[in-house]
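Chains: A, B, C, D, E, F, G and H, in written order; residue numbering restarts at 1 for each.
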Amino acid sequence: MNSAKVAIIMGSDSDLPVMKEAAKILDKFGVGCQVFISSAHRVPEKTARIARTAEENGFEVIIAGAGGAAHLAGVIAALTPLPVIGVPIKSGTLDGLDALYSIVQMPSGIPVATVAVNGAKNAGILAAQILGVKYPKIRDHINRFKEEMAKQVEAKDARLQEIGLDTYLKEM
Amino acid sequence: MNSAKVAIIMGSDSDLPVMKEAAKILDKFGVGCQVFISSAHRVPEKTARIARTAEENGFEVIIAGAGGAAHLAGVIAALTPLPVIGVPIKSGTLDGLDALYSIVQMPSGIPVATVAVNGAKNAGILAAQILGVKYPKIRDHINRFKEEMAKQVEAKDARLQEIGLDTYLKEM
Amino acid sequence: MNSAKVAIIMGSDSDLPVMKEAAKILDKFGVGCQVFISSAHRVPEKTARIARTAEENGFEVIIAGAGGAAHLAGVIAALTPLPVIGVPIKSGTLDGLDALYSIVQMPSGIPVATVAVNGAKNAGILAAQILGVKYPKIRDHINRFKEEMAKQVEAKDARLQEIGLDTYLKEM
Amino acid sequence: MNSAKVAIIMGSDSDLPVMKEAAKILDKFGVGCQVFISSAHRVPEKTARIARTAEENGFEVIIAGAGGAAHLAGVIAALTPLPVIGVPIKSGTLDGLDALYSIVQMPSGIPVATVAVNGAKNAGILAAQILGVKYPKIRDHINRFKEEMAKQVEAKDARLQEIGLDTYLKEM
Amino acid sequence: MNSAKVAIIMGSDSDLPVMKEAAKILDKFGVGCQVFISSAHRVPEKTARIARTAEENGFEVIIAGAGGAAHLAGVIAALTPLPVIGVPIKSGTLDGLDALYSIVQMPSGIPVATVAVNGAKNAGILAAQILGVKYPKIRDHINRFKEEMAKQVEAKDARLQEIGLDTYLKEM
Amino acid sequence: MNSAKVAIIMGSDSDLPVMKEAAKILDKFGVGCQVFISSAHRVPEKTARIARTAEENGFEVIIAGAGGAAHLAGVIAALTPLPVIGVPIKSGTLDGLDALYSIVQMPSGIPVATVAVNGAKNAGILAAQILGVKYPKIRDHINRFKEEMAKQVEAKDARLQEIGLDTYLKEM
Amino acid sequence: MNSAKVAIIMGSDSDLPVMKEAAKILDKFGVGCQVFISSAHRVPEKTARIARTAEENGFEVIIAGAGGAAHLAGVIAALTPLPVIGVPIKSGTLDGLDALYSIVQMPSGIPVATVAVNGAKNAGILAAQILGVKYPKIRDHINRFKEEMAKQVEAKDARLQEIGLDTYLKEM
Amino acid sequence: MNSAKVAIIMGSDSDLPVMKEAAKILDKFGVGCQVFISSAHRVPEKTARIARTAEENGFEVIIAGAGGAAHLAGVIAALTPLPVIGVPIKSGTLDGLDALYSIVQMPSGIPVATVAVNGAKNAGILAAQILGVKYPKIRDHINRFKEEMAKQVEAKDARLQEIGLDTYLKEM
């Protein structure tokens, strides 16, 4: 389960601080991934090649992140039968709405599985959930991750009930 | 490949005219699905039960459609390790933006794979793409579907080049 | 009048700096409250249990605060006949609009009493106004609070009229 | 329980087709209400008088509906310690967003319990939930109403499971 | 021409850093103004009194600034035949859109002359333009102000043409 | 008081069905107006000439209505010391927001008194309020108009109290 | 000047009723154009081929129209040094905003010259203006077109001044 | 190719930090440009003169940048047959949406080629692409620029593949 199953593509290395969260959570789930910098607009042929060969190169899910007029995920989805997850990235203007609309409003026939603005971590989890349909071990990781999240919330609430609001706020 | 792999859930039967497109395209791909009416707010226990038992009942992907403060997809995603696809449905006010934001902006840890407003057909295709990771026959269906779409566009363009814009417009 | 009548629930302790204002104003009104950290998505069963048992545990009003795809208030409102007040919390993207739409646009049958983005203090006041329907002493607190607010504005205006704009601005 | 406990106020009788839903559901719950036409801008004194005397006239909750720059709910909330519920009404432009923002974004100190755009029925239910804090019989009505809603959804889903999607769609 | 002709009203002294620009420009035009702190929601009677007596107190134009659900200008316009200018103030959330919609979307019959978000200086100029209809000397001030503005732009452009872009940028 | 004091300008005669309301209400107030069709973009010189000569031609207030990238009001305001009222007109797309922003967000120094989207009637009333600063008879008209509006609302409310909601709704 | 200088591309023939306006105005200007149906998502290779060969095929400007997540213009701009004009098309949801943001917010390095939502006629005019830089005859056409537009507005205004508002409205 | 072919106009020198990017990229392409400070609202005659004489002064493309109610580009487009490129500039409120709508939503007949909010560099590139229709040397510059961009992305991706994500992030 160490070979790369997920391709994580972004148009610019300025998106890495957001997109690295997808790689980190996949790593935690034991899912291999490969990260590419490949813009839909600056290197369209390279992007098309990555998309067209993704399946034969063993990738099973693709995550694409971009800001502004974010065409990367849609352009890739046009060229592969693999499920494509899109991450809208907030850039300097319009608060990420431009990227959200550019990714989620895909025309009939070519879906992109869109997550929240800057939601790269959730893109990684969604990729793992998709792989979990096929790989029981990844499904197990998802289940453990959900239990862990639940425990963290339970622990925080237990602490709050124990020490009270004022003390809790001081400890934050 | 006839048993139901995809659960399609919506909060109200008024969403059926939109959501039936997911069932139709899955049927075309030979993917079985079961349709449920189960609101996150009106029958929360029933919805929780469907979500919690989805995996053991053999479902591998869930599609959830809702309008307004559309909590259905998120509520289901909280209770299952399966990938959950959300369809924002446009209702009488705010042009579907309320449903889009309520579905796509999920917090870290619980993704929902969001498609376009009223994009139920794309939700069905995305479900098939996800299942295609595991089932080569469904992958084949996706590939044939993409070829078919391409042929239709090619045919229309060929016709346009042949008869010219004015005649084409008259034939529409 | 010291036992907790109001449950204040939020999905994450990162919401505490906003939500603590509800507790502070209720405390000022002599209304007891209990604060819970319980996410609709990370600990759905815990959240359901709090909602379902709120009435028998003596709570009379519930305040729920969340950001992003803010399902907490709606999920709770589905499981209790108590009035539920929702506080949309502004998070990193979309300026709180996502939370506002996710809370206010509830479907017919399950209202959530929504206040302004980050309006936790007003949520506390609204809870007191609701309790004031039943408890004359809380109504008295509301009336005194309104008088106090009025006096503060009157005092500021009197000061402004006395010393003039330029001096007032320097004193700020 | 027949005397009017809820005042329903709107700025124009053109809002009646939306706002009458609040009166209808309150009537179903056995809660008396009185409907007023009184604009914040066209008859400010009348509106102020209704607000200021609401408590002494026996009203316990106020519902106010308006469109555009919808000041009615806020103007009333300024003049009464009663809980005020605001209904944003969609008019010819801006899709109801203007009314929503004008009602929900109240300043600190003067909350308005805002429901969905055109959500007058939910305003009535919320008023009943607030009265239910004091009157057990109204609480009972709320509980029965929630059960009824659940049964309707259950019945629709049962019918769908029985006759299948195609037949169900034909029957709609 | 020194007695106050313009009343400048705002709901809170936190609006003074924005609203003082209206007073400053009116002062520059030799138009007297009086500044009031008087909230539509916290001191509704005081606000109503200022509005109702504005005409008899010699005011000829009113400027009202507020943020969030900004009812101040509309509430005043309801109670006076004087022209009322509204200044939407940007507060912590929604980027001033809430205030803009709450002020500009007034119902038929009660206009508010709305300026840009945080546009207090323009509110002062507009007040002077309105007074200029009656007072030729104020009209003269407006004309001189427009000439001055033009000269400043001309001077900057002349400087830019003279020293070139690079040097100009260094001087900034 | 019959000679034209108000110039009403619009870019296209397709705006007349909205803009005629300004002329109608001014006529009712006994204020003369002249209507011009003159686009900022299609006949810029003509528009500039109307603006530049408006004062010497005896106009005292200008109303300008436009949709889309609505530059008309701002272009006129640049060329006259008269107060300019802008009416954003809703056209086929973006629900009038484009016109609203294009009119209200004027830069410092050149205000436009903006009214609601399609608010031509209010533009006429505002023009009369501005003229009322100078002409007591127009002020009297404004006062009578406000009383009339109030009486209409009072009459409707009285009728509603007399015949009850159900009968009132049937009569509508 | 009859051979095609402008390529007009759209993703679907459902866009033809909007996009045909570009062809019509270019025809009026004597500029040849060729219309293509070629989706960025359904036939990505065909679209890439059209873009890559546009220059050698003699095209000098490209117009691309699309709705929703409108990637067509950007995808073409990535593959050609020709100026690319984008037309956002309003489809069933989000009022054309999704298409506008997807086209105009292009990343640094790959501009798309964006016109108004559904602004295909203006796209044609802009293409002619661009060609007019090189071809004086097309520049002449632009100048005549501008004069014609001006005359039409002048004629309408003259008619209005002659017959008055009431008669003009009846004639409309 | 050294004489100025592109006029870059902005309303205020506060727009220079954004707009200088257009001059910089044109300089890189060997295209001469002249920068003007000339507001549509503060110096309307000067702006009209620049627009009207642009063609005879040898300019072939105009770039206009403005924020807020950004009329500059439209006002210029009304007075010249040259192609006009508009740059919406983000100012203190509304996140640049006001400028975007004011520039892109031009009425039929008078297009403005709009680029992204703050997209001055792309405006420069688009101007060069337009000039490239006429001047093969500028077309060559565009082609080289596109190759250069592609190489930069290729180099970054190659570096990432070589050193891996963790090391790459540390080097950033």
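Just so it is clear, a contact is a pair of C-beta atoms (placed from the backbone, for glycine too) under 8 Å apart; a residue touches a chain by one contact, two chains touch by 3 or more.
Since the structure is predicted, the reported quantities are computational estimates derived from the model, not experimental observations.
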item	value
Touching both chain A and chain F (chains)	G, H
Chains touching both chain G and chain H, listed by label	A, F
Cα-centroid distance, chain C relative to chain F, in whole angstrom	41
Separation of mean Cα positions, chain D and chain C [Å, integer]	19
Cα-centroid distance, chain E relative to chain H, in whole angstrom	34
Chain D: positions in contact with at least two other chains	12, 39, 42, 68-69, 93-95, 97, 104-107, 109-110, 112, 116-117, 146, 149
Each pair of chains that touches, named by its two labels	A-B, A-C, A-G, A-H, B-C, B-D, B-G, C-D, C-E, D-E, D-F, E-F, E-H, F-G, F-H, G-H
Chain A residues within the chain B interface of the complex	60-61, 81-83, 85, 100, 104-117, 119, 121-123, 125-126, 129-134, 139, 142-143, 145-146, 149
Chain E contact footprint on chain D (complex, rising order)	11-12, 39-42, 44, 48, 67-71, 74-75, 77-79, 93-94, 97-98, 101-107, 109-110, 112
Chain D residues within the chain F interface of the complex	12-13, 16-17, 20, 23, 35-39, 42-43, 46, 68-69, 92-95
Interface residues, chain D side, partner chain B - complex	90, 95-97, 116-118, 146, 149-150, 152-154, 156-157, 160, 165, 168-169, 172
